[in-house]
Structure formats: C-alpha cells, structure tokens
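In the two assemblies presented below, chain A is common to both, partnered first by chain B and then by chain C.
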Partner chain A sequence: MNGDGAVAGPTAERDGGVAHGPGAEDRTGVPAVEMHGISKRFGDVVAVDEVDLEIGDGEFFALLGPSGCGKTTTLRMIAGLDIPSEGRLAIFGEEVASWPPDRRPVNTVFQAYALFPHMTVAQNIAFGLQMRGIRGAEADRQVAEATALVRLEGMEQRRPSQLSGGQQQRVALARALVNHPKVLLLDEPLGALDLKLRQEMQTELKALQREVGITFIFVTHDQEEALAMSDRVGVMSEGRLLQVGTPAQVYEHPANRFVADFIGRTNLLEGVVESSTTLRLHAGAVVAAETDLAAGTPAALSVRPEQVRLHGRGETPQGAPCLDGVIGDATYLGHAFVYTVSIGGSGDGATTITVRAETGSAALAVGEPVSASWLPATTTVVAD
Partner chain B sequence: MPWLRRVKPEAAQQTAARPDEPAPAAAPQTPAELDTQRRARRTGTLIATPGALYLLIFFMVPLGLITVYSFATRTSTGRTSLSGWNLDSYERIADDVILGIIARSAWLAFLTTVLCLIVAYPFAYYLATRPPRLRARLLVLVMIPFWTNGLVRVFAIRFLLGSNGPASALSEAMGFGTFRILFTPTAVVLGMVYGFLTFMVLPLYVALERMDWRLVEAARDLYASGAKAFWRVTVPLTRSGIVAGCVLVFVPSFGSYVVPEILGGAKTLLIGSYVARQFQAARNWPLGASLSVLIIVAMLVAVAVNQRNSANAERTGAGAP
Partner chain C sequence: MSSLGTAGAKASARRLLKANAWFVFAFLYVPIVVLVVFSFNDSERVNVWQGLSPRWYGEALGNTQIISALRVSLIVAISSTIVSTVLGTAVALALDRYRFKGRRALDGTVYLPIVIPDITMAVMLLVFFAEAFKLIDTFGPRLTLGVTTVALSHIAFNISFVAVVVRARLDQFDRTLEEAARDLYATPWGTFRRVTLPLIAPGIAAGALLALALSLDDVVISAFTAGPGATTLPVYVFSTIRQGVTPELNAISTLMLAASITLVVASLALQRPRSTTP
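Up next is the complex of A and B:
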C-alpha cells in the first residue's frame, strides 16, 4: 500500500461544465421542432407516450434509446410518415401534425438509406429538386454542390448497388441536404457501417452539421454515439421521453435508474432514502447523497466506475462515503484497470462495485482487501 | 538479372490483387469428392428423364412435324404431299385476308393485355399491401376460377352476356334496351380478360410483394405526392412484374382459340380459329402449319424480351458487379 493510501483513483474531476448549451445558436428564437403531448398508438400498442420536446434551431439533437422505445416512431412523426394519435407538433412554429410528408420542410436519411435502386446517384440526389419543380441548369448546379459537399464527385453515374455502404450513406445525405431542409432527420444513419467507418462518419456528420447549420435530429441506440455527437440528448424508453439534457447532464445526473444504467456504465447501489441528504445502502453504510425523493423511498445510488477510488482499509479520506470490500476480479485494458470489488455483507447487502482506474498506479491483486470511496457530488440518487 | 527481380513482385501482386477470384474449379479434388460429384450428376439425370421423355415425345416431336408440314405441298384434293418442299404456304401468309386476321388478333390481344393490366394492378397492389394472412386468403380467391373447367367458364360468360342473360335483363330494366354484345370483338376481349387475368395478377403481386415500401416513403419525404411516388418509384420498381404479366397475357390471347370460338361471331375470326380451320375444314395443313410456326416464333421473341427485362431488373436491383 502506498503511504497516502490512494492506490488508484481518477486523476482529475472529469467535469462536464463545458457542455454545449442547449440550442446555443438559437437564431430565430422559434424552436425547430416543438412537441406537446405527442402520442402514437398502433392498435393496442402505445409506441410513443405523451412526449413533450423542444428542439432548438441549429441544434444537433440525439434521440437515444433501446430498440422498440419509440424513437424511430417519434422521428417518423416529425417526417410525416406517421401521424400522431394525439398531441401538437410544430416545425418552426407551424402546426404540421396532420400534414403529409411532402409538405413538410424536413428530409430524412433513412435507416439502410432507401436509395432508389433504379436511378443513378445523380438522379437520386436530384429527385427532391425535381419534385419541387427545380429542373435544368439550376438543378444540375445544386446536385453538383450537394455531391461535392459529401465528396462523391465522379460517382454521379453509378447505381446505388455499385457503391459501398459508406458511399451509399453519403448519397442518402446528399439526397436529403440538396433540398436545404429546415430539419434533417437521421434514422440510425451509422448503424449499417462497420466500426471504423462509423467513427469516421461521426466526425464527418458533426462537421457537416456545423457547415450547413441545419437542425439535425438523430436517432440511435448507441449511447456512445449519442454522447459523442450531439448538443443535447433525449433518452427514451417504452415510448416515454425520460430525460433531455446535454450529454454531460445526462451522464452525470441521470434522471432515473433507466437512464443511469443505459448511459455509460454505472454501479447502482440499492438502498432507501433516509433524508434529503442521506441514503441508507443495503450494503450497510449510510452515505451522503442529495435527493428530492421522500424518506423511505427505495432508491439506488448511481456511482460511475471512474469516480470510485480504492484505498487500503481504513485509509479513506475523512467524511467521504466508503464501502469495504475485496478485489474480486481485475481486468487490464491497457489504458485502465477495471476492478470488480465484492462488497461484504450477507443477503441483500452483498453486491459488487465496478471500479475503473487509470493505469500507472500499482495493480491490485485479486483478494486484496480495499475500501471504495467516492465524492458525493459525483453521484446521483435514482429511483424507478 | 535485375529486371527479372523487378518483374517478379509485379506478377505476385497481380495474383494477390484478385483474392476473390473463384478458385474451386482449379482446386485439386480427391477421388472421393469426384465420385460424389459423379453420383450426384447421375441422380440428377435419372430424375429428369421422365419429364424429358414426355416433352420429347409429346412436345418436340409434334413441333418438329408441324415445322416439316409447313414446308410441304397441298395437293388439289386437299391431301398433304410430303414432297416437293417449298415456301408456298409462307408466301400465302402475306395475303391481305390473313394479314388482316393476324392484325385483328394482335389488336384484340393488345386490348386484352392493357385491360388486364388496368384491372390487375390495383388489385395486386391491394393484395400486396394486406397483412400476410389476409393475403394468402385473397390469393386463394384469385386461384379459384382455375379449379373450374375453362370451357364451362367461357360458356358461363356466354350465358351472362347473351341477349337472354342477366346482363341484358339488367340493361333492359334500366331502360338501355337489349344488350347486344355477344358475338362481337368486345365479348371476345371480355372473355379473354376474364380468362387470363390471373396471369397478370400473379406476377404483379410477386413484384409488389417484393417492393421495398421504404422507397415510397423516401419519395414522399422528398416532396413527391402519392401519385408521383407511385409513377416514379412503385411502377419502375415493379416493371419486371408488369412486363412478365403482359407477356403472359399477350401470348395466349394472341393464339387464343376457345374464347373467340364461343364468344366471337363470324366477323371476329382470329388466328387461332383460322389455324384450326386450315387443319379441319379447309384441309390446308401446310398453311396451318406455317402459321403455327409463325406464331411460335413471335411468342419466342416475346419471351426473350421478357427474359432480358428480368435480367436487367436484376442488374439494377440488389445484385451488381
């Protein structure tokens, strides 16, 4: 054990204070998309349940959730491909809930792209222009511009089937952006790409959004993608919108158990709220934790793996909440260690804490007794 | 030799640049593998034999006979002399009367095809957009007429359209007077549409059922109205079904014999009936045979067009170089 007791721990506060403000570049003041009490039912199935949402002009917004959570249906309602069963939907102040898709100033990049197989790349891109009566030299100019924007020059006469997945994705983007939509909807646009290409396209999409300045609404089930790309994230589950906030807000202060668990990895330490500042964990300890929940409510403390520090037994800093345990498993990841700490206690109290520690500190051996501690400010009390 | 060293890596690169080239043909095979292959081939031949024999005896041989007869001579007594081969009967086809019959047959077959397409497309569209279980039931409804004797169905139409039939009674009751449609080209077209509609519905249904409806959504999203999305996306993407249906209806309509015989009048002589007449009453086998050959050649051309079309559809569709 090191003299100061801290054998491993996060190096610095990973503060999310530099988050992009929501709708930071609100240019008109009118939200790009406004939803009030939007619901969609298919027969008995409630796909989207009373969603209220405002998305600012120029924002890169991610709708995040597991498959079947209603995120795609929400997007389709904005596009006009599904009509809401209930609620109000406005795009730049105009009530569009019952408008057909061809009247809405939005375009979609579909999952799997839905490129027209019987048309060339250029014809695909020109389709929207043609439908709006833009033809001839003006159409050619705009198609060339969009082709250049997504760097597809030289591919104009190819068919979609002759393109790679990444190229098809660019065609889909160009086909939508050539129309200068007020809002661009993207339905899992990176889902069909392999990992490396996906990461490239993440960067590219972000740059593209800055370049064109259009509001992007992006549907994904990949939380890393959502955090990495968007200004704000809306987390959905079972048709409900659970939390909307910047990636940092959502990650650091999840609104409930689902969000805490879905976004990133976390330790959920079960317990009962004791007061507005304390939580009694089943593992035994009473720990400091701010909460609005009423005393007696079953809740869990969400502690991120990288916020946990491991110390020798009895060497925890004064006042910091801590739990004693034993290293149950250690995994070396190159840039970090991941430890699983078995917390003692019997029955309900037995649990494990996952700890992520930077490499560079001494490795801990399996079976070593440790104390796990954290700063109360880095944790969140979550209920169902 | 320095250049040799330079050449060698290049050659190696060439082979390495084509790793996806199929190799199995050149791959060495063990005797066991070869044996299995040979046995599989033998089994295949065995299975195909009965069908092949049947086609040979009852299809290829008559077809050959027809072709032979088309070059034969008709004697003054109406017998066919298998000597003195000539092209006389083919030359007779250029006769105005016969050309007129061919033109009329083609025209009625064309009308039948267009009507079938107009009737079948919306129906196939409806079918293909129903939930799968309902689809299966509706498809059975389409097939039911097929389980009834074709001749009986044509006579049923004759009764329906006849001057004493229900159609006529209805028109009289509504004050339009007697219904005179039987024994006209209209009746023939109606009968053929009824008879061949299924041939149009099925390929259209298959094409529409395979349609990726997300493409229609994409078109709608790109400012196409419902109608425009239909003409610009749905129709082109179901083109192979449209062409297949048209060929399948046009071919039998053109050579149709039963329907025009029963529903058509003396004025609506079509090529099918005319050919039959050459073999029966007119006893001019060479002429009947050469007309048959001509029809077959025309149909083969149509089928070839259809096949090229579906090959094209495949190229522009999913699979591609």
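Up next is the complex of A and C:
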C-alpha cells in the first residue's frame, strides 16, 4: 500500500468530488477489511469471539445482532477505539490491529453522533482536515463540498445544539466523509431518529454510498434496516459471527436457529432429522427437506409465513408437505391477512403456524379447518 | 368544623414559614447592609451617623499599611490560584480517567482540606514549615516564614477546591467526544487541547475564581504561616480590630466584600450547566 492512505485517491483528485473513493476501475481486489480470529475480552467477558470476516472494497456491509452481541465492539476494533485481544486485522492489506485510531484510514459516525458542542457545523466538519494539516482555502473548499454532499448548505455557522436529529446525523456524516476515509464505519446511525426520518435516511445513506463508492460498515440491531440497506449482512450473537451472506441468502437460508428466528418472522417446526432429504416433525408428518445434518439430530424446519399456502382440507397440491389445523386467529393488515393456524397433535406436537396471505384471497374465518402447505425449496432445516 | 380548623392551621403555618424566611434573610443580610451603609459615614466614630461621604475610602486607600497588605494579598492570591488551578485540574483528570494504585486513597483524601478546620490546618502547616526549615537549615540556607509560605499554604487548600469543581464538570463530560476526535486524526494531546480542555474550561475557570476568593478571604491560615512583612489584608484588618473598629475598616471590609461577591458569583455562573446555544 502507498503511504498517503488517509488522503483521497487519484480519482477524487481528478473529478474534484468530495469523498469519491476508488472508482470501480481502481478497485484492486484487496479486501477493505480482513479479520482473522479476532477476539476481544474485557476482563472475564468475551465480547467478540474468534471472528473471521472479509469485507470487499466498495461494499455496504451490515453487522446485525441483538444488543450486547459484540457488533459495536467489532466496529470499534476496526476504528481502533478498542484493540483486539487476539487475531489479525487488516485494512486494505495493511496490518492495523495495534494502530491508534488517528493513524487509520477509517472514520466513524457515532451512535449519538458525538458532534463537538463547542464548534460550529463548519468547524466540526473541518476538524479532521485540520488535524491532518489541511488548512486555509483548500480546507474551506473541501468543507463546502462535504456540506453540499449532505445538503447542509446555510447551516455552517450553527451549533450542533441548534440542529434537529436528522441534521446532526448529516453533520456527523459530512465530518467523516470529508476525510475521504477508505472505510466508513456507522454505529447504529439511524437509531436516534424517529421512524419516518429513519426510512428517509435509509434511502439517502444508500444513495450516498453509491455516490462516494466507499466501503460502508454499518452496525444495527434492526434486521429490516440491515436487509433493506446492505449488500451483505453478518449476523452476530454472543460475540460470534453466525452467518455472512446477502440479505436474500441470510433470509432464505438461515445457517441456524438463531439466524432464522432473528431475521424476519418465521415458523420453527420442531422435529428430528430422519434422512438427508426428510425431517420427522413432532406435529406428526414426515416432510421433504434437504439437510446436511446427521439422521437423529434434533432440528427445526424454518418456514416463512409468506411461503405457507392455506387450502381446504384434502385440497393440498400433490406431493407438497402439509399439516392440518384450524384457524386460531385472523388479523387484517390491509395489504395482507395474518392467520395463526393451530396444528393439532399431542404434547410436543401441538404448535401454531403463522401464515401471511395476500388480501386478494378470500378471508378465512376463525375455527375453519385448513391444510397448510409449502414448497420444500422455500424452507430450511436449522439446528442450534 | 374540623376541616375549617385544618385550613386555618395551614394558613398560619404558611404565615409562620414566610416570617421565618424573612427572619433568616434579615439575620444574614442586615449586618452586611449596616456595614456598607456605615462605610459611607462621615463621622470619626463608627456608631454615630453624620452624613454620607466617601471619605473613609480615601483614607483607607491612602494608608500605606493597607496598600502593602493588599499587595501581599494579591501576590499570594494570584500565585496560589495559578498553581492550585493547574495541580487541582491535573488531580481531577487523573482521578476521573485513570485506574492506578492508591487512586481510592487519593480520591478520599484529596477533599480533606475542605473539611479540616482552618485552625487545625494552620497549626499543621506551621509545624510542618518549622520542621522542614530545621531540616533544610542543616544544609545551609536559613529559611523563614514569609509570603512564600503563605502562598504555599493557600495552594495546599485551594487544590482541593479546584479538584472538586473540575471533577463535577468532568462527570458531565461525554467521553465519546474524545473518541470522535481520535477517530478524526487528533493525537492524544490534540484531543485534549481541542476537545477536552475547551469543554471543561468553564469548570476550571470556576475553580480558579473560587480559589482566588478563598485566598483573598483567608485569615487564620495566613496569620499562622505569615512572617513579618507578609501581612495579608484580612490579617491586617484582624490585627487592627483590637484597637477598636474604625470607619476605615468598614470601608476596607466593604471593598473586600464586593471583591468576594464578584468572584463567587462569577464562579457560580461558570459552573451553571448551560445549553451550548450562543
């Protein structure tokens, strides 16, 4: 790697745009971030446990997990705010695990933005430039560009306390992007915003990332946000990275029970693996399901609510796995119905299946006997 | 009947509390008002009113003893404030930031000078200086009590006050701001200078003003640790009072009162958490 890491690449200089990272033609194929066996312990607590992860150049990557799963600590290790207890960490091929934050070519958008309250918007944005010795007209030009990029023109002389949450968020983005970081880290950047603003900012952040072409790594506990925004998702729980994949891969083929349950809504039908192609459900039926798990392993079949079809008893398509039950509850959502189907069976077998049906179909009444079926390809066998 | 009775009792209780508040207020402030009013008395005698005049202010400021005492007071106050502000801030930062051996012990004892009675502190320091001088004198130099010892003593108690005030400010300080500065390429020193220091500056200034006021006011410790020629203004006032209160003393006291009030009010204003709206 060349030495002037933190400063803009040649592309940015050429077209004069702020924070234009390496264009597609410049991408070297070196991963933006590479982690091998990264662990972080705080005393006896293992916050991050042997994480291996590769994030590509220009990727929009989401680290997703419940609070306390280690996702923020992982982000802080990339930023240099926490130093890994073990493992290797490289940014664009450069080993940085023990580097202080001011030497790393990354910038962070903090959860509560952490804007400097004693500085104006313009001073906040100029801070990183000043610390790297960029002053005067050149600094003014870059600050103006960053301000325009996040559409904050006219706010330059305000203090952070005079801005709304959404505006503070933009200042935080501009303050980071003005430095042309090679990787932008975002710690729950939308967490402090209300729902409507959050959805607006989701679209805006995605557009911004496309525009600047920088690798974005984004921490969130909101699975919908992660699926909607990112190119790939890494799901974490209890310090471990459980699955990495595109939103579709993670949603349609969850690696284990936790991921299936955490990403979207699903029905987990408990059972035991019978063969590599069948699962015996506690509810009674033996259903077709591909799995690598050994026969006899306790496992569950993850069936998404929108993949379940409801039929009259005995009207199920030939060969499709099905379970008989009774409508236990029906909720009208406008664009869809959500039914809860009670599946009979004794003891362990008793369960419910949540079904989501488009409103076009006829409404079913509570108490109506039905058969629930699905296509085996839309389901996944998951174990702990 | 009974409800009427309680209503009446409530009303009279309210009246009593109100009267008490006024009484306490008067108890605190009437002597001050009397002092200020009589400092403008034209009479030779303190307790005979003879008409308004700034005469005694002129006399006080023309008195060379008073001026020299004022000079000593200012030297001691300013030097002890500067030193104790730097050291007190450093102590507050160390206690807030670092986990080191003896931290808990220091945390507990740094506030001791605030609660120790002045007279104990004074005797303590006098004994300390006497013993220290005896030791140092065996190596040659002959040290005596003077302006330096008074200043050192004031530093000794002022550090605690500065540390308390600065720590209160640090408690409200958001450490993420320092992380943000580090993330934005600031070195540890750059972070302190550009982010930490400006944000805790009001606390430091408040501590410094408090230290200045305490130093200007102190009598007991200054009287014990001052040698000849190192008389501070409060010590001078205290010594002349034995010859009876003169209108001149009223004038000096009023001036000192005004200075103290200004410093304390400024200190409180700086400590008040305020919104960052300019």
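Just so it is clear, the second predicted complex is superposed on the first by the 358 of 384 C-alpha atoms of A that agree within 3 Å, B and C clash if a C-alpha of one lies under 4 Å from a C-alpha of the other, contacts with A are read in each partner's own complex, and residues count from 1 in each chain.
Operating definition for what follows: a contact is a pair of C-beta atoms (placed from the backbone, for glycine too) under 8 Å apart; a residue touches a chain by one contact, two chains touch by 3 or more.
A quick note: this is a predicted structure, and the numbers were derived from the prediction, not measured.
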Task: Superposition on chain A - do chain B and chain C clash or fit - done: clash
Open item on the list: If we overlay the two complexes on their shared chain A, which of chain B and chain C does A:M131 touch? Say first, second, both or neither.
Closed with: both
Open item on the list: According to the stated criteria, A:F92 is in contact with first (chain B), second (chain C), both, or neither; which is it?
Closed with: neither
- [ ] Identify the partner contact of A:A79: answer first if only chain B is touched, second if only chain C is, both if each is, neither if none is.
- [x] both
TODO: Answer with first, second, both or neither: which of chain B and chain C does A:R159 touch in the superposed model?
DONE: both
Task: chain A positions touched by chain B in one structure and by chain C in the second - done: 79-81, 100-102, 106-108, 110, 112, 114-118, 127-128, 131-132, 159, 161-162, 175-176, 179
- [ ] State the interface residues of chain A toward chain B in the complex, per the touch definition above.
- [x] 79-81, 100-102, 106-108, 110, 112, 114-118, 127-128, 131-132, 159, 161-162, 175-176, 179
Open item on the list: Considering only the defined contacts, which chain A positions touch chain C in the complex?
Closed with: 6, 79-81, 100-102, 106-108, 110, 112, 114-118, 127-128, 131-132, 159-162, 175-176, 179
- [ ] Please give the residue numbers of chain C that touch chain A in the complex, ascending.
- [x] 174, 176-177, 179-187, 190, 194-195, 198-199, 275-278
TODO: Using the touch rule from the top, collect the residues of chain B that touch chain A in their complex.
DONE: 212, 214-215, 217-226, 228, 232-233, 236-237, 239, 316-321
